[in-house]
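By letter and in written order, the chains are A, B, C and D; residue numbering begins at 1 in each of them.
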Amino acid sequence: MPTQAEIARFLAAEFPQTKCTVEAVGNQASTIRHEIGIEELRPGGTVAGPVLMTVADVALYVALLGEIGIVPLAVTSNLSINFLRKPAADKAIIGRCKLIKVGRSLAVGEVSLSSEGSDAPVAHVVGTYAIPR
Amino acid sequence: MPTQAEIARFLAAEFPQTKCTVEAVGNQASTIRHEIGIEELRPGGTVAGPVLMTVADVALYVALLGEIGIVPLAVTSNLSINFLRKPAADKAIIGRCKLIKVGRSLAVGEVSLSSEGSDAPVAHVVGTYAIPR
Amino acid sequence: MPTQAEIARFLAAEFPQTKCTVEAVGNQASTIRHEIGIEELRPGGTVAGPVLMTVADVALYVALLGEIGIVPLAVTSNLSINFLRKPAADKAIIGRCKLIKVGRSLAVGEVSLSSEGSDAPVAHVVGTYAIPR
Amino acid sequence: MPTQAEIARFLAAEFPQTKCTVEAVGNQASTIRHEIGIEELRPGGTVAGPVLMTVADVALYVALLGEIGIVPLAVTSNLSINFLRKPAADKAIIGRCKLIKVGRSLAVGEVSLSSEGSDAPVAHVVGTYAIPR
C-alpha cells in the first residue's frame, strides 16, 4: 500500500490547487489539515461550508487510497454533512476519517471535522466513494 | 437524568408494540437490542431494512432522553442510513448510538448497527432529532 | 420491460408480508400505496417512521424494476429521509418515486410521501440502489 | 417579501467573493448560476464537488430568503449531495431549488444541478436550514 509521502505527492500532482495536507494515513483512516485564512471565511468569522466539505472529501479519498492503493478514478457518489458548531476563524480545520466499509465497488467512511486544538466537532460527514472496476 | 429503567418503562408504555430493549443509556450514548425472528426477515435470509432503521431511531431517541430527560415530543427530522453488510438471520441486532451534538433545538447522533456477537457493522446511521421548546 | 402486473406479482411472491400495492410504474417512476391501520400508528396518532421508509424503499425498488427489469438482487445502499409533516392517522400513505439516475452499478431516485388526498408531502426520501453485475 | 434585486444585493454585500448570481427567486424556488473557469475544474476536466455544493447551498439560501425575508442568521444544518454525472468543463452550473417545507425553525429544500444547456442533472442535493427565532 502507498505511504503517506506517496499519497501526498499524488495529491499535490493531481490537485495542485489543494490546501489540504496529509497528516496521517493507514489502517482505514486518515487525518487531513487545512489552513484557514481570509479566503476560507464567511461574514461572521466562520469557516465556509464548502471548505469543510472539501476537507471531508479529501480525508475520505486519502483514507481510501491508503487502503486500496492509488486509484485516480475513484469518485465521490454521495456526501452528507451535518454542521454542528461554529468553527474558529483562526484555527486550521482538521478532518479525521475512518472507513466503515471497503467493498469491491463502494467504500463508505465517516469524517469528524474540528478546529485545531479542540475536540468538539464542527461538522460530521458520511461519504461514499464509487471504486472503478 | 432518567435511569435506564425509567427510560425502558417510558418506551414500553409509549410504544407497547416495540421489540427494542434498552441495554444501556448514559453519557450521550445508548445500546439497543432487537430480537430477530421470522417477521423481521426478508427473502434471502436478511434482516429487513426498516427493522434496522427502527433500531437506529430508537437508539437515537433513548440516547437523547438519557441526556435531556424524558421529552415525549422530540421527533426525528432526518435519518440517513448506509447499508454495509448482510446481517445474520439468526442473531439479534444491536444498535450503539453516540450523540455528536445536543443543541437547544436539534440533536445529532450516529448509530452503528451490528449482528450480536460480530463487530463488523451491518449498517450505519446518522440522525437528527428536533427538540420542542 | 415488465408490466405493472408482473412487478406486482413479483413483489407479492418475494415479499408476501408486504402491505404495499403498486399503483403505477413506468417512465422511471412509480406510485406505491400502503394502507394505514392500527399497526402502523404510533402514540399521538401518527404513522410510524419505519412505515414511511418502507413505502419509499418499495417505491424506489419498483421504479428501478420497471426500468431495468426484474433484478431480485438489487439492494438499497443508502436511504436518507426528511420528515416534514405529521401524516394523517386514517389515510393511506402514497409514495411517488422518480429515478434521477440509472447507471450500470448505481441508481438514485427520490420519493415524495403524502397522506392520500393531500398534496403536502409528509416526508421526502432520496435513496440509492446498488445493481449487481 | 424581498425582490430578486434585493436578494442579489444582499448576497453581493454579505458574500463579496461569491461567483453565484441569482437568476430567479420566488414561489419557494430559486435559480442560481455559477460560471465555470479554470479555478473550478479538477483534473479530468470536471467541476470540483465543492463548487456544486456551494451552488446548492446558495440556491437553498436564496429560495428561503425569498420566502421568509432576508434573515442573515439562517444557517445550513444538513446537506446531502448525490453526484450523478460528470459536468461539462466549459458550461456554467445552474442550480434549481424547490423548498419542500418551510417550518418555524427548519426549512428543507431540494436542488437539481445541471450544466447550462442540458437537462440531465449532474448532482442532486437535499438540504436543511435552521431558522433563528
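Assume contacts are C-beta pairs under 8 Å (C-beta built on N, C-alpha and C of every residue); 3 or more make two chains touch, one makes a residue touch a chain.
It should be emphasised that the depicted structure is a prediction, and the values quoted were computed from it without experimental measurement.
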item	value
Farthest chain relative to chain A (centres taken as mean CA coordinates)	C
A-C or A-D - the one linked by more C-beta pairs in contact	A-D
Turning angle required so that chain C lies on chain D, C-alpha fit (0 to 180°, nearest 5)	180
Centre distance in Å when chain C and chain D are each reduced to the mean of their C-alpha atoms	28
Cα-centroid distance, chain A relative to chain D, in whole angstrom	22
Distance from chain C to chain A - Cα centre to Cα centre, in angstrom	33
Residues of chain A engaged with two or more neighbouring chains	77-78, 80, 82, 128
In the complex with chain A, residue positions of chain C that touch it	77-78, 80, 105-106, 128, 130
Interfacial residue positions of chain A with respect to chain B in the complex	80, 82, 84-85, 100-101, 108, 110, 112, 121, 124, 126, 128
Complex contacts: residues of chain C adjacent to chain B	14-15, 17, 39, 42-43, 49-51, 53-54, 57, 75-83
